[in-house]
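Each of the next two complexes has chain A plus one more chain, namely chain B in the first and chain C in the second.
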Partner chain A sequence: MPGSRRTQLRTPSVFLKLRNTQLALGLLSLKLSPGAHEEVTDSRAAPQGPAGGKDDDDINITKRCEIGNYEDNNNTTSYFLHKTNLKQYSAAGTAQALYEDYQNESESPNPNRNGSQFPGLPSPPPHRALESAKLAALHARLNLSERLPLQSLARCLVDSTADESLQFNNTHLAFLGRTIVNYHVSEYLVAKYPRLPMEIVFAAMKGYAGNRALYAIARQWGVEPAAAPGEEVDPGLLQFDVKKTGTELDAAVGYKRKELDKIIKFKFRRGISSRVVFDDEFGDTVSMGEHERILERQALEWRAQQGILSEDEMIQMEDPVPLEIETAEDRKFASYANFSRAVVGAVFLHSGREVAKNFVRSHVLSRRLDLEEMFSFSRPTRELAKLCQREGFERPVARILSETGRLSRTPVFVVGIYSGRDRLSEGWGPSIEHARLTAAMNGLKSWYLYSPGDDVRMPSETYDENAKPWTPLYVDMGEVIV
Partner chain B sequence: MPIKAIPKISKGQNGLGAFILQCRKLDFHYCDWAGSSVGMNGFIKSVLPKFAAQSPQVEITVSPRPKRHPHIIGHYVNGKQKAICVKNMEPLEILKKAEILRNASGEKNKRVLKAVTSRNPSVRGIWSPYHGKPLVV
Partner chain C sequence: MEAFRPILPRRGISFSTTSHTFIRSLSTTPVLQKQTSARLKRYLNISPHTSFLASYNDPSNEQIVFNPPSSAPSVFNTPFKFLPKSDPRRRAALASHLFADPTNPIPRPGDIASAIASAGQPKRQQQKYSKQGDGKAEANRSPLPPTARKEELLVPKHHLEPQDVEQIRRLRASSPSKWSVMKLAKKFQCAETFVMACVQAPDEHQKKLREKAAKAKERWGTIRRKAREERSKRKKLLFSGRI
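Moving on to the complex of A and B:
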């Protein structure tokens, strides 16, 4: 079947996104039940023992508190440590020693959770959300439903760099929102432009749902940053710290490549098929977290001291891969983007799937992105000839349609490209060659940007009640390989 | 690699999809003593609560500025500010000024000469001398 290649290439990422949405739902369904905020506050104020109750409701509350406490203790640093220990080190003794070192280091200078010398919480307590005029105004500006309480919106505004506790920052909401936003954007692109080359799909995903785009959305919602995060700031301000590295839940989609170090060091080429399978939804490699890299480096140094390095490790020791440290600007974009994603996640949890879909449609997909301007061809005429060959059209021929001022300073040529008696495309330029190339590019663009129209049915519409049975969409076999 | 992508970021089109009110904050400044603030004080007491309830998207602050004329300052999503002096005005006149600030986009005032401005390319296209029937002289 000729059309199957593209379908095979495309489906994994979409399915992965679906799988992750469900996964995230499973993880998060406990976290944001209405009224959870008060319990959360209690658990932070008295982390040792939530008071048990007699009614059924009280028992539920106690359960929630226990879950909360478990996570609060198991904060992000230790999460990374555990993960690294499991994955990176075979020598358990090394890992244990490092773990203890890290614990001692992190505990001794900063007795408070906010990492400052002043006592206090790292982010405003949830009950203060009801007092903030900024937050209420933001809620109304985004036209959010009354079902979404102000406390949830306040939590969306706390980045992981401001408050490390997963109970009080927006990490989980942002993860859920990320899966929802990416799912809707990718289905929109694939259904509406079934012939779009994968490179352009990745770039368009980034253009709609990447950090820069979501940063712009959050800015246009009128969100202001706090000067510095802390207990005393207005809960209606976005709280993040550019000096710290975020601890987003990574690997929402994709896998860490084994050859990641070599990709960074030697700029290994990544084929488009492998990018679909291994990399994230924007076609970027899923990178190792900074904590993991630092720990890996420490482990290597320790092993070098003990003199138990293998040959590969010796090479790595001499020529280390540079750490990918997030710049302050990147952190700013990521924090704003995580806020936008967290709002989508909160809308999903409180108001449901349909409302979240409409929210993504009206805030993310309603923006303008000119796909036509994203193409960059290296050999357009050759590609068009290959395309005609593949589709069984006659060989394309370029003909001059009209011209003026051939011997003047400003000549203009109009060239059309014909396949048999059909004119495929037309282009103009100041020389015949230029006009021919423009015409070929226009022809390729009109092929790749074919759209079945605005009314095309999206896969997510089958979730509706009384939805008609799904009829498969037209998805093209893919771009031409020259 | 035959095709490469040029990175682009989507551009917002407020009102196409969701509409976000561009005024995010209004500051009302008054003086308890001065005569030019009499209208403003009446506005704050009687009109402002209703105005605030009608525009929940806007954060409203009221603060005294002794020995100065009363002012309204609007803060906008694009980072700009607009201020209007409301000295010696009646409460209902002040309400009109507040509405002007609430409904403004925050952009500088521009003279609009064309009925429609659009980022979309013209549907009819630009006339070309190289197409259609050549002109017979």
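Moving on to the complex of A and C:
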């Protein structure tokens, strides 16, 4: 996207991407004041910068976010906002502001924000959050701090498909939560398993913080969906509409590829390096929303009428790429996941960085993900030989450690891979070849799954006030190229 | 994993020494080792190890019995050689091995032995050492298990010169059917993969080979075809760690 700044966190290849201006935009619209509605109209609009905010605090927030430099490992407080800047989000103030916001909104000439033919608000008014037993139960079940008011939790439950208004849905909270969750998960993976191949890192990111994983977390929290969104539903229910496409700030993480159409149509190969640079944290392409695709299509038709089409565009006109529409199930997963993320965002805003980190650790990182199962190889013996060559070890040799029933119908062989006199790995199987390949794969896995220990220090731990000076982590030279 | 030991026929059974009968005795058909099943049961009923019989009340037997069931090693236990130089476990392993009691060696064969032998030596010397082998040191060490395949110990000799590679290419181009990959590998005493890396057969020859292979495939019956398909499926499952 032209004109927007993008910085990358450069601790040893932690690749969390965050567009600062978008974060600033999110925080601006999260400033829960009566005037907020006029300031921010659309999340996808070009960032206005500090001009939108009227008071100095806004400018401070924006500047801090823009200055926030991830390149500097030793800088401890540049990314996260200082506590003093978050004063205005105190609990009591928020409740009042939310209520005022609602009053302001309902007095506007068009009270029907959703644009639907039925009268009424698209989501329950914020003051009803205090009356909901479900919401109070959820708040207690998650052991959330009293500083996080029920109104904020109620807002986390309103998906962008239920209520389009950014002042009332969870879009910005979810975006903030997404950056925090993904930061901690990627930091954990890279620090704890420094030799993981990038493809496994992407898969593991998805396993910990992808839509399906966060859906499962939200389900385990006991969150139930509303039958249909509307003013009258209990604020303690998750409100989303599977028939609509969400307006998450997906595009704010990563870049839209120019050749996206061709990737979809011709299944273009995407290399790992380009996935690190262009795509989102899970290695998936940042897809354009349906709305944008329709606009592009209209623009193309207009250009065809004018007779100013290029050759590529002519081909595109003849054979248009089908619009990528989410399935109802995808939408369900995304809505639940956005709720989980929004809760993390709300915890961060109301209780601070440390509490949010502990929340992510205890709810997201505490889940067990079997990294060993994620590997698949095409030429394991060759890859292991290359690895030994690269590291200066002796050539790997497969040796039979033990066997039974060689002439029977069910033989078992145990083969060990040796480099010199050192045993690297062992594997078993019903034939020597099977056991040899298993042993080679186990050897590669034990190389890639090396961990400096369970108590490895994370870069985020240096944010503490009394933190010890940072000692560099082990950085591996990268996966073996066969 | 513990070594599996086949139960060989012992006493009280007629046993011929010819290899044919020996192989048959190793087959899956159950072999009755005693005259009656009751006797066999009694014969196989071995009393447990004395460490398990120790009474808990006896103060002289206060010890922990560690006898875990055999299991495949976890890939999360990084082998010594794979630990980076900065890892404290590396130093700890070396130290524990150096100060270990030499009369009671670690049962695992030479896990960190070569690391100690080569510690502090420059890389070039290490390679030389590993190739030639120190006679005295080798003699003292326990022998390594047998190799899984004959090819395992084949070390690339790097003996071919550029003119040899040129000749390989010339011969292959002159008559690809006469000078097959196998023949060239034998003539130049190198691996077949090396020949294939040097030169590719002309397109017509490749096409001819493909047609020949396709014809052979056509002759496969249902049983062989199914067996081949399942073999390739098994390999895919193996590589993705599902079997």
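Remarks
Going forward, the second predicted complex is superposed on the first by the 369 of 482 C-alpha atoms of A that agree within 3 Å, B and C clash if a C-alpha of one lies under 4 Å from a C-alpha of the other, contacts with A are read in each partner's own complex, and residues count from 1 in each chain.
In the analysis below, contacts are C-beta pairs under 8 Å (C-beta built on N, C-alpha and C of every residue); 3 or more make two chains touch, one makes a residue touch a chain.
Worth saying up front: this structure is predicted, and the values here are computed from it rather than measured.
Shared-chain residue A:A213: touches chain B; no touch with chain C.
Contacts of A:E383 after superposition on the shared chain: chain B is touched, whereas chain C is not.
After overlaying the two complexes on the shared chain, residue contacts for A:F393 are found with chain C alone; chain B is out of touch. In the superposition on chain A, A:L437 makes contact with chain C only, not with chain B.
By the touch criterion defined above, A:R353 reaches neither chain B nor chain C. Shared-chain residue A:N143: touches chain B; no touch with chain C.
Looking at the shared chain after the overlay, A:R257 reaches neither chain B nor chain C. When both complexes are overlaid on chain A, the residue A:R303 reaches neither chain B nor chain C. When the two structures are aligned on the shared chain, A:Y450 is found in touch with chain C, with no touch to chain B. Overlaid on A, the two complexes show chain B and chain C touching the same residues of chain A, namely 373, 375-378, 401-404, 412, 414, 428.
Touching chain A in their complex are the following residues of chain B: 1-14, 16-18, 20-22, 24-25, 56-61, 77, 119, 129-131. Residues 1-6, 23, 26-28, 72-73, 75-84, 86-87, 108-115, 123, 130, 141, 144-149, 152-153, 155, 238-241 of chain C are the ones that touch chain A when the two sit in their complex.
By the touch criterion given at the top, residues 372-373, 375-378, 380, 392-395, 397-410, 412-416, 418-428, 432, 434-438, 441-443, 445-447, 449-452, 474, 476 of chain A touch chain C in their complex. Residues of chain A touching chain B in their complex: 133-134, 136-137, 140-143, 197, 199-200, 202-204, 206-208, 210, 212-213, 216-217, 219-222, 236, 361-370, 373-379, 383, 401-404, 412, 414, 428, 479-482.
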